[in-house]
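Listed below are the structures to be examined.
Here chain A shows up in two complexes: once beside chain B, once beside chain C.
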Partner chain A sequence: MSAATGERVRERFDGATWLLAACFLPLVAFFAVVWVAPILYALWMSLFRDPVNQPTFVGLGNYVDLLTAPPFWGYLWNSVVYAVSTTVLSLLVGLGLALVVNQRVRGGAALRTMMIFPYLLPTLVVIFMWKFILDPNIGVLNQALVSAGLVEEPIAFFSTLEWAMPAVVVTSVWKFGSFSFFILLARLQAIDSDLYERARVEGATTWQAFRDITLPHLRSAILIILLVRGIWMFNKFDIIFLSTRGGPLQKTTTLPIRIYQLAFNEVNFGLATALAGIMFLLLAAAAAVYFRAFAPEEEVSG
Partner chain B sequence: MATAPRRAPRLSYRAQKRLKRAALYLTALVVSVFVTVPVYLMVVIAIQSPAATFSGGRVNLVPAEVTLRNFRVLLETTSTVRYFANSLVVTASSTVLSTAIAVAAGYGLTRFEFRGKRLAARAVLFSYMFSPIVLAIPLYVIFFALGLLNSYFALTLALTAISAPFTIWLMWQYFQTVPIALEESAWVRGAGRWRTLRDVVLPVARPGYISAAIFAFAVAWNDFTMARVVMSRDEMYTITVGASLFLDRVTIGWGETMAVSLLIAVPPFLIALFLQQYLLQGFSVGGLE
Partner chain C sequence: MSTSIHLEDLRKEFRTLGSTHVAVDGLTLDIPDGSFTTFVGPSGCGKTTTLRMLAGLETPTSGRILFGDRDVTDLPPQRRNAAMVFQSIALYPHMTVRENIGYGLKIRGVSKGERDARIEEAAETLQITEQLEKMPAELSGGQQQRVALGGAFVQDPDVLLLDEPMSDLDAKLKSELRVEIQRLHQELETTVVYVTHDQTEAMTMSDQVVLLREGELAQADPPRRLFDRPRSEYVARFIGTPSTNVLPCRVDRDGSTAALVGHGFRVPLPADALPAAVGDEVRIGIRPQFLSPDAGEHRFELTVEVVEPIGIESVVHGRTDDGTRVDVVAAGLDSLRPGDRIVVGFDREHAFVFGAGGESVLFGEELVDGRGRSIR
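This part shows the complex of A and B:
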């Protein structure tokens, strides 16, 4: 090996080392600063009363306070109701429309473009639209309902006890239905069309073809949507905060809304971080199920 | 088929097909009405004067006029321009930061062998599912202690924190589809690691990082949670936080509210129209929030 080649090899090795550093340093530094440190710090804070100004160590006291107070279970229930209903409904909307667009109906491409809007429109804009539609005084829905004689009095959807949650759910489904639509459409388009042709030749009905070909192909995607979308909806803050602030009478207060209230309205960072700690544990449990059931990490490390 | 059991009389194939078509178009129609009506309302109310919208005691949804009146009121009585400038600064910087970290990480994670890849993948996925508000609380306390509240820097970091897990995941998957043979042949021809990166890898990875950048952009432009927590001074509000307070003001009505909504909706609208294929590519590896 000549000296020049040796030099080149060494140069390349140095280049590789630098490259290795350039690839991973930003990643590691970034994760340490904005993920690991804040999460550990929050868990630490959750062990104190008034951790920001005059910290007093209370151990798991904040957690006990939270879990033994009845409102916690109400907020947890609200979170579950919100997460389950928005996830299931947006899955149904997305599935229905994905099946339609996959059939190559006229205007299918336009429908697909249209479905991108709700997903990309900022939550605030979505809230403005639905606040206008559902407004008791000038809202078009109330106008239509009253003039059709379906209701006597206009309904203040976002601020009555029984309608606030449904109103928030509809608004959320409008925004997030397209998520399952795009994922399911991609799966549908990957199904071999010969399968349907063969089923038709053998005399299967449309329903049978759907049950025996389409559904099995979509099964894993549907489960992932239910799980991941469910987790995200459970974590959702902005759409509920902007529409109802958790009201009326905490009827739409979910755990994320409660964390915000505790931290910024009641300035109780001990309880706020303890509740964040509880959400962290719930999320870790959900993630464990996700990793065990689907092994998603194998897509990159396998 | 020979031993087919007795069953209820079936519709003929053609009748089935016709029924199916009808159901298809009905679904398509219902969904498109559901999706477009709110957007239509926003546009109509934004371009009409409130007097025209609400004349006769009902909401008039067929535009009788086109005026820029609502936009003028926004300019004259609110800090909309300032809010937009703030949004642009933090969105642009967090998009660049998030995409850069993702490209570097995606390349490194696919091109170097190391132990703990599984763990790294799980960490990325876990942060991808994380709740922004749970992260926002400790970030607030930390930024407060460091005197960084109300700074572009802090909000840029916070926004990158929510978009990076997905952009990293996307680039990680994307680089797996880029064959290493391309790079190897460049090395054989004597190109160094860095030159290969610039001249071979980055051009090939372009669709991947455009799609990552779009998602990072959408997250930052959409964001309300982080901006609400990190920015408390009016002149530092992003457009989503600033505009969220409009409805509480007496001087601002639905006309101006919808006008500002229309302005906020312009970038997403352009993305949907012109960069659709990159977005769909992002959905093929999971999509975001």
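This part shows the complex of A and C:
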């Protein structure tokens, strides 16, 4: 290094820069240890057969095995159905309730406070609650349905092929609807009420005012909810595992459930980590397409 | 098509938690077809509530509103053919200027071609053609104001309602837009109802000024008449800057002659000018512009407190020896200093006489020639 270069380096790294580096580096080190290293290690493991006991390098062999076996597409389909339906439904439920509370109806404040509880309750409690509600023998819903004559036999919601997924979706929406509710309510309350009065004077119906004033104001929040909630629900493990363990007959086995089964039931870390790698790539691709299409970060700043 | 507006004993109460607030109280008023009428008054006098009742955004507690001979009291806003510009401007933030101006037309199903033609015509009148494709947030305050006006008058309303549309603009822009709005009114042939707390706006723009006080009508008259013939001390003091000076006086009756005796001056009264019912405690009102230093028929002394030079003239705030505040507007006073003593005077033809209840009982010319009382 020449003297001149040394001078430039010294100039660039003055006191403030050192302070910045001193604050920043521990954070980088922390993330490297708890975040980057495990991810890289998992991706590395996904290139081996039996990576824990007798590692045999197979390149992308695990990926090929997964993608060519038909069950994968079933699990992917389950994941997409679960993520899309829970995200969209919790958005609609949250929006509906936010619109009601925003109308300053009687009891709106109480409803707003109550809305935080599903989000605060531990997942296990939520599962017990819904298992109780949907239980075929003692569940309140089944009793109501049978006594109303809507069904002849009680339905074992969590363990019938056609009802397991809807039951898991309903449980999830109940827990996560309040997330959309609070974000959307905050946005609704920020809308200038004069806009609605102007629209009324100009002759707009309630629906037209909703379409032309409310929805445009909520657009950015809705996009963020779809992105964040969509990723979270695609990765969701606890609600499904605790309620159905992926059954019946793999009907609610999503990709995260399948990864758990591969890793801890079948002790196949090579396939498990490869499947996790596939999920990671799928989400990255979906997020890239989404950002290209909607640019939600501009919406937020704007 | 413009329309006349008639308010009949209009009343609006707001009830909150058991207490009732009367915002507008028995307002009866005619607003002529095609006129420019301004509601003016301090905050909380009911002017905006009245405007909102005209728009249909508030329902009167009692009384009637007629547009021409059509009773619109219970009609929803969209069936009144009224357009409104809000104090907050209320531009739809997600629409371009073009869409903002054309929204009312779009809702009414006007075709895109006709809509664009009318939008562009309006934009040209308001000099915002360049801004048509921009978003409201990209515009200056004055431009946003023009867009809001465009959105209102492009609908060709019978009644154009403006709720303090200029309260957020700076003084220079205000004076520009004042001219603009008057020009629009002349072009549009629409009845304009304008609400403001700024009496300069009210006096410069209107055919008729309606001054409200705590929900009641204080006076409704053309600006000049409001200025020259205020019906009460409240009106005299609200209209005109600085406010009309009010000097306490005593009526000194002596047989057939009478006079008003104030602190340091005595104004003779024509015979029978003041009925006995008025009582002996009255007040003389005199506008600061009609007080001149070392001139006038009736003079009194002031101690100067503050001097505000405003170009050629100065505003001098002072006090008489009995503590009454008096303002004087005149040229050549800018060399005065606080504590200086000056003598100011007025001619009685410019004075108002108020009774104990604040009502006007005599105007200046009646003090001069005693033509008798002709109040109102």
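What we mean here is this: the second predicted complex is superposed on the first by the 263 of 302 C-alpha atoms of A that agree within 3 Å, B and C clash if a C-alpha of one lies under 4 Å from a C-alpha of the other, contacts with A are read in each partner's own complex, and residues count from 1 in each chain.
Operating definition for what follows: a contact is a pair of C-beta atoms (placed from the backbone, for glycine too) under 8 Å apart; a residue touches a chain by one contact, two chains touch by 3 or more.
The model shown is predicted, which means the values in this text are computed figures rather than measured ones.
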{"item": "Contacts of A:Met45 with chain B and chain C, given as first, second, both or neither", "value": "first"}
{"item": "Which superposed partner A:Phe72 touches (first chain B, second chain C, both, neither)", "value": "neither"}
{"item": "Chain A residues touched by each partner, larger count belonging to chain B or chain C", "value": "B"}
{"item": "First, second, both or neither for A:Trp163, with chain B first and chain C second", "value": "neither"}
{"item": "Partner chain in contact with A:Leu195 - chain B first, chain C second, else both or neither", "value": "second"}
{"item": "First, second, both or neither for A:Ala204, with chain B first and chain C second", "value": "second"}
{"item": "Partner chain(s) touched by A:Asp212 [first = chain B, second = chain C, both, neither]", "value": "second"}
{"item": "Chain B versus chain C as contact partner of A:Phe117, first or second or both or neither", "value": "first"}
{"item": "Chain B and chain C footprints on chain A, overlapping residues", "value": "202-203"}
{"item": "For the chain B and chain A complex, residues of the former touching the latter", "value": "1, 10, 16, 20, 24-25, 27-28, 31-32, 34-39, 41-42, 45, 54, 58-59, 61, 100-101, 104-105, 107-112, 117-118, 120-123, 125-127, 129-135, 137-142, 144, 157-158, 160-161, 164, 168-169, 172-173, 176, 187, 190, 192-194, 197, 218, 221-222, 224-225, 229, 240, 243-244, 247, 254, 257-258, 261, 264-265, 268-269, 271-273, 276, 279-280, 283-287, 289"}
{"item": "Parts of chain A lying in touch with chain C, wherever the complex brings them together", "value": "192, 194-195, 197-204, 208, 212-213, 216-217, 219"}
{"item": "Chain A to chain B touching residues, read off their complex", "value": "8, 11-12, 15-16, 18-20, 22-24, 26-27, 30-31, 33-35, 37-39, 41-42, 45, 51-52, 93, 96-97, 99-101, 103, 105, 107-108, 111-118, 120-126, 128-133, 138, 140, 143, 174, 179, 182-183, 186, 202-203, 205-206, 228, 231-232, 234-235, 237-238, 241-242, 256, 259-260, 263-264, 269, 272-273, 276, 279-280, 283-284, 286-287, 290-291, 296-297, 299-301"}
{"item": "Chain C - residues contacting chain A, complex", "value": "55-57, 76-78, 82-84, 86-88, 90, 92-95, 103-104, 107-108, 151, 155"}
